[in-house]
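Okay, so chain A shows up in both of these, paired with chain B first and chain C after.
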Partner chain A sequence: MLKEKTVKNIKSGVAAFCNALIPVLLAFVGGALIIAAARENPFSVYATMLGRALFTPDGFMRVLHVAAPLILTGLAIGVTFKANVFNMGVEGQMLLGGFVAGIIGASMRGVPAAVHIPLCLTAAVFSGALFALVPALLKAYFKVNEMVVTLMLNYAAVEILAFLAEGVFRDPSAGYVSTDMIAGSAAFGRLFGTNLTAFFLIALAAFAVMAVVFKKSRLGYEITAIGKNPEFAEAAGMNVRKKIIAVMLLSGALAGLAGAGWMLGEKYRYTLDFSGSPGLGWDGMLVSLLGSHSVFGILIAAVFYGALKVGVSQAALFTKIPNEIIFVIQALIILFLSVSYLSKNVKFREGAGRIFGKIKGIFKRKKGERTDEQHTL
Partner chain B sequence: MTAIETRKLTKKFGDFTANNEIDIRVERGEIKAVVGENGAGKSTLMNMLYGLLQPSSGEILVDGEPVRFASPSDAIKRGIGMVHQHFKLSPNLTVFENVVLGSEIRRAFAPLKPLCLLPFVRKRPALNDKFAARRLPLPLIDAAAQKAAVERTIQKYNLGLDAAALVKNLSIGEKQRVEILKMLYRDVQILILDEPTGVLTPREADELISSLKELRRGGKTVIVITHKLREVMDASDSVTVIRGGAVVGEAKTFDTDEKKLARMMVGRDIERPKTGGAPVAGGVVYEVKNLSVVAPDGRKAVDGVSFNIRAGEILGVAGVEGNGQSELVKALTGLMTVAGGTVLKGGADITDAWPKAVRENKIAVIPEDRYGQGLCRDMTVAQNAIAGYHRDRQISRFGLLSKKAVIRRRDGLVKNFDVRLCDPDGDVSQLSGGNAQKLIVARELSSNPDVLIASQPTRGVDVGSIEFIHKKLLELKDAGKAVLLVSSELSEIMNLSDRVIVMYKGAVVGEAPRGADGETLGLMMAGVMPGGG
Partner chain C sequence: MNNILYNTVLFSSPILLCTLGGIFAYKANVLNIALEGMMLTAAFVAALTVYLTGSYLAAVALAVGVSLFLGVVFSVFGVSRKGNVIIIGLALNLFASGFTALILRRMGIAKLVAADFSLTSVRLFSGAASVPFLGAFANHTLLTYLSYALIFAAGVLMFKTKTGVYIRVAGENPEAARAVGININRVRYAAVLIGAAACGLAGVSLAVDCFGGVYAVNMTFGRGFIAIAAIYCGRGYPLKAALYAVLFGFSNAAAMYLQLTSAAAARLLTAVPYVMIVVLLTVASVLKNKGNSLRGFYNE
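Presenting the complex of A and B:
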């Protein structure tokens, strides 16, 4: 009995892994074509990327450091997907968290680090959550589509923060738009002389908490029920409205924390390219998708994506490949991810046959010929 | 003449044998009923005949020829069509658009037709016809031709549908006829219907049966999967009984009766539920006064309903479906807002209580919509087994669920209520209708409620499970609890209830004591007041 169960678990795990791996591989193939078009050898470029990112201690620590905010933004999005609400505003909430942490970090001097850092983090968490509260209330009480509101609020956040950074909070001594540098007492120190900071540990802790919430807690149970069948959840006495607000707050808080950590551990000041391009919040969406919205999947996907980011920046140093190649690969991953290659319980040969059949079907589908899918629809 | 036949047809899912060497023969032009409990393997068998599943071994013969179906379209080509229990229709399309979907009729034009005007061509009929018949199909749909073709089929089989009506505006019975029409339009000779009456009102079911007889007159062969024995007796020519994936009996319908069939299906005699012990004289536990509910469309769905239930009493609510029973139950269980009136439990006012508060007041609920409110298909049996009771102290402490306690709860429910699972860790979607319903009943009754609100507790459930659920309801009554039983199945109401109220257009139009005859209740259900002119 137990053995059978383990086998089944492993099988479904492997299927989930393959579903994430196949699009990644296909994206790499697509990327290779572009690299080849730039007259570089894709194999040596990929070797440099992976080698520098994963197989040097320095590189790997850097990967983990870069992965930390991705874990948090990935979780922020994964949480809402579980409840079948969609917080597309993680980027904005993250920026706000980062900005608030930066201002508090810069404006207080002579405070011990043990007070200063937690203060920055807490303020960021609250501001992220508060910002997410707007779409949450609109959704819960007025049935306003949260996807639209959160998406649009991103632009509001970007522009308002740009305005503040250019005006009130601008560091006049900087040659570009930037807030004041945060105080030393607010910055995360490097751990043991590596690239790693305490931020990674905080992200891991947040991951652990979320894992418990989803695997063991009543809240996780209720969120899952709401996500799968809200009518059922309500009939079973769960307050769907309250839980949706809670999920959005949690998501905003995680996003705020991601921004604060990135500020205190990497950027130290708010600039207009604080979250990079396409932005940590958007990266989080890919991470969550790649990890099929499961907590452990998100952790693995975040580290993978961190490696990709670090690898590309390394490759840009050693080859003629521009940084932008990462966008190509990211876009291709998202494109290929939208296909589900293996279902959870399917046997492998069947699965492989099905993929082959799908590909064949694309070429073979004659006009006028009725396919089963159309029929069973 | 045999229309379809199977020889030693076997289907295995892993180690589980769903169908074991099934031999079944269906004669051309008969109505064959395939009966069996839920999970007996009827649907698996039919899905193999329709090409949705492929047999592990054995063969299928159509008109004496062995066939292999890779997909339903293969089956349709061989003249076999199936109507599923859950309809597969597009609500925003018209009837004829739904019917032709996938085999649309295209506009065509005859490029050579102008040549027919030439006197030279006109003199030669052969050439004339040839030019007129040379048609090029265009990538445009010929809606008028489609509508006409579908209308012809409707008329031919006397289905009484409007080809131009939007499917979303049709009643459930009409939607089902559209599904049948879809198959007839494709000129199938053998029609398989999976639990066709499960979703129909008794009247619609009768209409369906007469349509099926009409089809038989037209020379079609019909296979009906069902577990409603009354319909088997009414409609079919022969019956095959399946139990545990094997054929356990076959008979001509006129040679058998409901009792014999029930025994074959379950493997033992079915006890009729005893109509309770002595009438009770407990105090009033649950009371509804002048309750009104307004539906989202502004209609007064429940209009001044009052009743009370005493301890140790089952109050039946009879009525044709759609007369406010659903809204009444939703309002009582916290899923709809009360527009007026009060609800009292043990004297305390619980009007408009949230679902959570309803349960905290020791009121258990068996909802009408099994997979909507009762269960979540995509969650595990264990997760469903605690739904609504996941805040119990045994289950969760400090916001954390105890996995052990959850599993223990599941195992207890499964054992005490005889819920049959293939995979204890699997999702609820694996359960047959009867077992899913037993899981709900198990969950709700195990909470030791004072009041049970049961809405359509045995709809679409097999005979064995109906017997079981009825027994449990009577046990609850004997334990001195109050039960509100809402059902559109009149025999269920009459067998179990101590008192019956009848709802018509949202209001209670009559009350009858135990033992009232079905005719009186039937008249009240149709809105005819007893004794009134």
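Presenting the complex of A and C:
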């Protein structure tokens, strides 16, 4: 019995791994074609990327540093997708968290770091969660489509934060739009002289907490159950409304933490390109998809994607390949990820069926049309 | 005032085109969130074409062509291979913004401006431009007028033709459609491609008609998603959805006008249309669910 289960687990793990690997390989082939079209040698570009990102100690520490916010935004997306709620607003919640941390970090002086940093992080976590509460309440009480709302609020957040950064909070001495630099007591120091900061440890701690939540806690079980079949979950006595709100709050909090850490550990001030492009929230989407929304998968995918980011920025320094190539590769990975290549095992099919069922659910007019979904469950 | 009205008519046009095209995929039960990316790519191609050739017609043809290509990619992955359409949509959106930014970077410019291009020759009823009130509806391009005519064309296509019936059946009851021998995949391809073609036109409308042949990175700025919100609010009915699209066009034009008068709050005003969409969606949803005591959060 036990053995059978282990075999099944290994099988599903292998399939999940292949389903993540094939799209990545296809995307790299696509990327190579584009690099070749730009009259560069794709092999030497990829070699530079890999070598500089993974095979130097400095580069690897940098990769982990860059992966830290991705772990958090990946978890933020993963937790909602698992519950079949689509929080596309992670980007906006992350920006708000970063902004709040930056303002508190800059406006308080003469506070010990042991107070200042936790204060910034807590405020950012709360603001991210509060921002996520808006779509959560609209979804839970008025059944407003959370995907459209969160997408719209992203744009609103970008504009409002830009307005604040250009006006009230602008650092007049900076030559570009930027808030004041945070105080030294709010900044994460480098650990042991490497590129790593305590932010990476915080991200790891958040990852550990989420792993426990999903594997051991009632909330984690309920989230999974709701994701699989909300009607059944509700009929079984779960308060789906409350859980949707809880999931969105959790997601917003993780996103806020990601922004705060990026602010205190890397950027130190809010600028209009704080999150880079396509943005840490969107990167989190890729990370979560790549890790098939599982906590451990997300961790691995975040490090992988961190390596890709560091590699591309290095390649941009040493070759003529512009940074934008990373979007294209990222987009291709996501595109190829959308279809499954191996669906031999039950576990994976379940996941695909769930997502597909959700999309159908979006449009479903009549009840009693669930047949397709039930086949896969 | 006339200026706001003129800009409302003008800036509603791309959203309107996107909305009316997207309705078909919505009805066929393949949510196409790649409207944004298709419009963006089309805007880029349109701006590039008028920059290089100065030909409006070539811009329309190429923009629609590129958008259709993206539609085919979307359909191959989403309809034939049965991938997750939301993820495919996201990927195409990302690809559009990344690929166009990449080309701009290779060209060594931050923004594409077709300085030599002039819209004067393609504008209609220019003579009436100075008439009070009515002037706001004159001096537009054929494409702008077409986008309003399409409200009715989409209604006819959706509710009066065989294609429309097939699309609606494929979305509402795929088993029944299959039972009477409709090739659902083919119908869904058609629905997605109608949307893609409309997004191609929307791209031309945005880059050439609204901004006079300019492409800036991510210039659609959520208009595709606004179109999706309009489709949701209007629940797939062309006229209703079009009203929401025009409402957004109006708030867009009003924000632009107010920006001219009060520079300080300009940024804040650009956020208004997005917040407005959220409010509208909420109101529409509250009205729809009034007196509905059905269980569940996922069936809309």
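Just so it is clear, the second predicted complex is superposed on the first by the 340 of 377 C-alpha atoms of A that agree within 3 Å, B and C clash if a C-alpha of one lies under 4 Å from a C-alpha of the other, contacts with A are read in each partner's own complex, and residues count from 1 in each chain.
Here is the rule we go by: contacts are C-beta pairs under 8 Å (C-beta built on N, C-alpha and C of every residue); 3 or more make two chains touch, one makes a residue touch a chain.
What you are looking at is a predicted structure, and each value in this text was computed from that prediction instead of being measured.
**Student:** Between chain B and chain C, whom does A:Glu231 touch in the aligned arrangement: first, second, both, or neither?
**Tutor:** In the superposed model, A:Glu231 contacts both chain B and chain C.
**Student:** Return the chain, chain B or chain C, that is in touch with more residues of chain A.
**Tutor:** Result: the larger residue contact count on chain A belongs to C.
**Student:** Counting only touches as set out at the top, which of chain B and chain C does A:Pro278 meet: first, second, both, neither?
**Tutor:** second
**Student:** Counting contacts the way the document defines them, which residues of chain A are shared by the two interfaces, the one with chain B and the one with chain C?
**Tutor:** 231, 234-235, 371
**Student:** For a test of understanding, state which residues of chain B touch chain A in their complex under the given definition.
**Tutor:** Touch residues, chain B against chain A: 52, 71-73, 76, 88, 90, 101-103, 333-335, 354-359, 365, 367, 369, 372-379, 383, 386-388, 390-391, 396, 399-401, 403, 425.
**Student:** Once bound in the complex, which stretches of chain A touch chain C?
**Tutor:** 34, 38, 84, 86, 134, 138-140, 142-145, 147-149, 151-156, 159-160, 162-163, 166-167, 230-231, 234-235, 240-241, 244, 277-278, 282, 285, 289, 322-328, 330-332, 334-335, 337-339, 352, 355-356, 358-367, 369, 371
**Student:** Give every residue of chain A touching chain B within the complex, in rising order.
**Tutor:** Per the touch definition, chain A meets chain B at residues 5, 212, 216-219, 221-222, 224-225, 228-229, 231-239, 370-372, 374-377.
**Student:** Once bound in the complex, which stretches of chain C touch chain A?
**Tutor:** For chain C paired with chain A, touching residues are 26, 29, 31, 73, 77-78, 81-88, 90-92, 94-95, 97-99, 101-102, 105-106, 171-173, 175, 221-222, 225-226, 228-229, 232, 264-265, 267-268, 270-271, 274-275, 277-278, 281-282, 285-286, 289, 294-300.
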